[in-house]
Amino acid sequence: MPKLGQGILKGMGITLKHLFDRKITRQYPDYQRPLPERSRGMLTVDMDRCIACLQCMRICPDHCISIEQEKRDVDGSGKPKPYAVGFVIDDSRCLYCGLCVEVCPVNCIYHTEEFEIQAYNRLELARQFGERPVDPTIDPRPAVKKKKPAKKAPKKDGAA
Amino acid sequence: MSLDILNQEPFRFLISFGAILFLVLNLAAVLTMAERKVSAYIQLRYGPNRVGPRGLLQPAADVFKLFTKENVSPSRADLWVFLLAPIAMFIPAAAVWLVIPFAPGAVVADLNIAIVFFIAITSIGALGVIMAGYGSRSNFSLLGALRGAAQMISYEVPLILSLLGIVMLTGSLSLVDVVNAQAGGFWHWYFLPQLPMFVVFYIAGLAEARRVPFDLPEGESEISGGFMVEYSGMTWALIQASEFASMGLISAIHVTLFLGGWQPPIDALDLGSFNWIWFGLKTALIIFTFQWIRWTMPRLRMDQLMDFGWKVLVPVCLIWLFVTAGAMLLLPSVF
Amino acid sequence: MSVTLPEGDLQSRLERYLKGFRNRHGLGESAVEGNVVRLVVEPNILPEVLATARDNLAVLHLSFITVVDLEGSFELTYELLDMRGGIVRVKTRLEGEEPVIDTVTNIYPTANFHEREAYDMFGIAFRGHPDLRRLYMWQDHFDHHPLLKSFEISTKRTFEGLR
Amino acid sequence: MLREERRAREQNRGGRASGRLAGPDVRDEFGIETLEMNMGPQHPAMHGLLRLILELDGETVVRCDPVMGYLHRSKEKISENRMYPSVVPITDRIDYMNNIAMEYGYCMAVEDLLDAEIPPRADAIRALLNELGRIMSHIPSIGFLLLELGAFTPILYAFRERERIQNMFEAITGARMMFHYIRIGGVKADLPEGMPEQMWEYIEGLEKRLKPDFMDLIEGNEIFIARTRGVGKMTQEKAIEMGLTGPPLRCTGVSYDVRRDYPYGWYKNLDFDVITDEAGDVEASYRVRIGEVQQSIRMIKQILENLPEGEVMADLGRRIRPSEGDGFGRAESARGEYVVHVVSDGSDTPYRVRYRTPCTVNMQLLKEIVPGHYLPDIMPIMGLIDPVSGSWDK
């Protein structure tokens, strides 16, 4: 023992000092910290604005968004446009990366301030937004592949 | 009149024994709470504060939870040894309380060999550790038990040696005599003439109670709980209770021997039969320093622990034993 | 005890490396690009080239080994650093379904885990490796090499040509 | 022939049936067997999911074999099947203590493929957050070292600092841990209003707190010195042979830092020292980490003092589709040299992404230096390497 415990006593002095310090814990359910403006909570979709462009579905790294698309004349203009009849966000897969929000051309998908999410069953975490429920367990790839020829047409429509 | 019978043996002893058991179990509960609160305050947290007013009912909730939990034992465990080990650890931790004087006249058994009783009974604690580690049939437990046995047996030596000075000074092995000899203000307490012994007893006591920095038998970062890694539910609660009881016990013995027991610091503050308050306060102070050290220090390694015990503590004890003997021989008027 | 790292001008050092490799192994395709000395070598002389790099040119650090499955052949990239700005990038190509290459663990002991990983993920056997076990995947009941292009995963989703 | 040979070798190394790897015959001349112990994957001090197969002679370790892969999430395969921008949030999960460096390396690799020019403000913000991320990783790692030595309190002081940095990160990036802030071509958004001032204030406070709360509490403690001095000692040759990078290499005295030797981004404009220490043991690695925190503070101050104005995102077009070739991004993460090698075949998705994570390589050290130490010394040696489960397993 070269210094005969001086370092130990110094350390104990520090812990004793902290014993009387102000505590830094926040009592969580009673105290809710205001979230910063940019914080990314759970996603939500404004289905009225969705144009079913599938951008979010494509960019999503974890395939948590599945959209079932149908051509439908919603605004009565006579031209059937792609319409999302089924829209599911599977929160058990979501990374909260925010890529879908960034690519959305009409800002219909956005983060909320909500981040407390719990369920007894993993499937309950899949939130349906469309009028027809989409099965979140099926990976969206086959649907996309099948729709591949059909998808070209609405694109042409959009361009026209 | 009818109550007089309670004051006779064996009823007096049985009642006091019940009271002591009650005290020890409650002490364990209170100390868990104290431990958590002290650690929380040192770490800038609040600690448990949800159950009851300011979290004071947390120990009750813990006990309730632990007693309703299933008691799981490993399939290959030596079941008898495994289940008896917590009891073998708890009984010694509780039994020594019988000889501690809490207040003037308030002692269950005023043995004239109380110090020998204390030494003998605490040694049994090591047996419980070995039983727990061996009975679990797990490598981690076995390592913890071996460490525990080595540590507790080697720290017994400085622990005993550091008591001898006081025995020499009082000329008695009875704790009541030791306390009575320290009457008359804190400058009569034995921690002043026996300062090195006081420190050695404190350190060896930490090791006996398996507290940081000597908690190698537990060593939760390397052997993840050591000898008690396989315990759960009630058996685990019993081990924890015995850990805390032995911590309280070491503090109480420490206070009795070196800090005047129930003696007030100055005579003016004598509270008569309420002197157990002084005893309680001093014990609480020692327990607090135990906890304070625990939440500041890292843990020693086994070889360093052994080095420290045998190469530092034992020589210090022996030297001071000679110093005490020499002083008694040369200055008989002082003692 | 102490290790001396190269000093001096980066460009002249890179030239020295290039010259050193050319003199010993006559590598035609080698060139300096930026701070990188690019070498393309045959797999059979690869350990010799790396030995030259370590012992003669004092390029002490093997950063990583990348294996790329080109479906039919494998491209291995060994990246060596002299820790002072210079990079030696050695590429080699292994043909065949069950590729074998000599280990470089005796030259760069750090290659141990890199080669184990390459073996685990691509099934490339490193001849003479002291401890060629799988690094990540479980030791048996698993006969696949997951980073091969032939190892299909269910969630493959590339939207090529969709737009 | 090879497959059989390999199979035979694997069998030799211990069949699956016994569930463990066969070691050499360990009976000594007295016929005393060593104790084989399995530490991990679920173990309080294993920094995640690492399994160590130990052979103990009493408390002395005779053999130590790290088994990895319990957190293998196949980031490389996943990256091959995602579009270039979608890989960035996946790289976040590799080293979850120091995420920002992971994003940085990948984005640099793709920018190398694209030959993209990054706006200076974006570069400066990247370096700023990278250094903040280094503090955020180093301070808890010091706490973990102490936690493994048995002291519980420093880790909570460390996490107090980490929380405060995370709060700033949340205001900047929108997430507390998985930031997804550095993008291919720049950063996601400019710093929010008032953030530089807040950061400056925090950094000044940290500088004041670093001395009492970490250095005084830890450094002089005799037990800490007894537990760490001379433990895990290695020479410079050994360190370079094992391919170590980062603090484990620098604590032996080899002065190698990607930020200085292969400068990237804004680091060309910064003035900083590469902290080295001669001892090459656990205590030295602690000193190196503290020194690096101080250097990071210095760098953050430099960046904040002259933060360039301008755009934060280069215009790379809507779809990122690099031409064929290799792209390399080499960054200094808190644990060492982190390299991303992206191979492109000209499509939307990378053809192959290779992450050279520092922890995988540094982990080889365990096998080399642990034998001969006592069992409790494994914990400080883990603290020397300071691995992160996600980082060694990818």
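So that you can tell them apart, the chains are marked A, B, C and D in the order they are listed, and the count of residues begins at 1 in each.
Going forward, contacts are C-beta pairs under 8 Å (C-beta built on N, C-alpha and C of every residue); 3 or more make two chains touch, one makes a residue touch a chain.
Fair warning: this is a prediction, and the values are worked out from it, not measured in the lab.
Asker: Looking at C-D and A-D, which one has the bigger number of contacting C-beta pairs?
Answerer: If we tally the C-beta pairs in contact for C-D and A-D, the bigger total goes to C-D.
Asker: If you average the CA coordinates per chain, which chain's centre is most distant from that of subunit A?
Answerer: If we average the C-alpha coordinates per chain, B ends up farthest from subunit A.
Asker: In whole angstrom, how far does the Cα centroid of subunit C sit from the Cα centroid of subunit D?
Answerer: It comes to 22 Å between the two C-alpha centres.
Asker: Rounded to a whole Å, what is the gap between the Cα centroids of subunit A and subunit C?
Answerer: 39
Asker: Quick one: subunit A and subunit D, Cα centre-to-centre, how many Å?
Answerer: Those two chain centres are 28 Å apart.
Asker: Just how far, in Å, is the C-alpha centre of subunit B from the one of subunit A?
Answerer: Comparing mean C-alpha positions, subunit B is 55 Å from subunit A.
Asker: Could you tell me which residues belong to subunit A and also touch two or more other chains?
Answerer: 1, 8, 11, 14-15, 18, 24, 58
Asker: If a residue has to touch 2 or more other chains to count, which residues of subunit C qualify?
Answerer: 155-157, 159, 163
Asker: Give the residues of subunit D touching no fewer than two other chains, as numbers and ranges.
Answerer: If we look for residues of subunit D contacting two or more partner chains, we find 82-83, 153, 157, 160, 217, 221, 223-224.
Asker: Which subunit A residues qualify as touching subunit B in the complex?
Answerer: 1, 8, 11-12, 14-16, 18-25, 27
Asker: Using the touch definition from the top, list the residues of subunit D that touch subunit A in their complex.
Answerer: So the residues of subunit D in touch with subunit A come to 78, 82-83, 85-90, 92, 153, 157, 160, 170-175, 178, 180, 188-189, 192, 212-213, 216-225.
Asker: Across the complex, what residues on subunit C touch subunit D?
Answerer: It comes out as residues 1-3, 5, 35, 60-64, 66-69, 77, 79, 81, 83-85, 87, 98, 100, 108-114, 117, 119, 121, 125, 131-141, 146-147, 151, 153, 155-160, 163.
Asker: Tell me, which parts of subunit A touch subunit D in their complex?
Answerer: Those residues of subunit A that touch subunit D are 1-3, 5-8, 10-11, 14-15, 18, 24, 35-40, 58-61, 95-99, 102, 111.
Asker: Hey, which residues of subunit D end up touching subunit B in the complex?
Answerer: Residues 35-38, 43-45, 56, 59, 146-153, 156-157, 160, 217, 221, 223-224, 226-227, 374-379 of subunit D touch subunit B in their complex.
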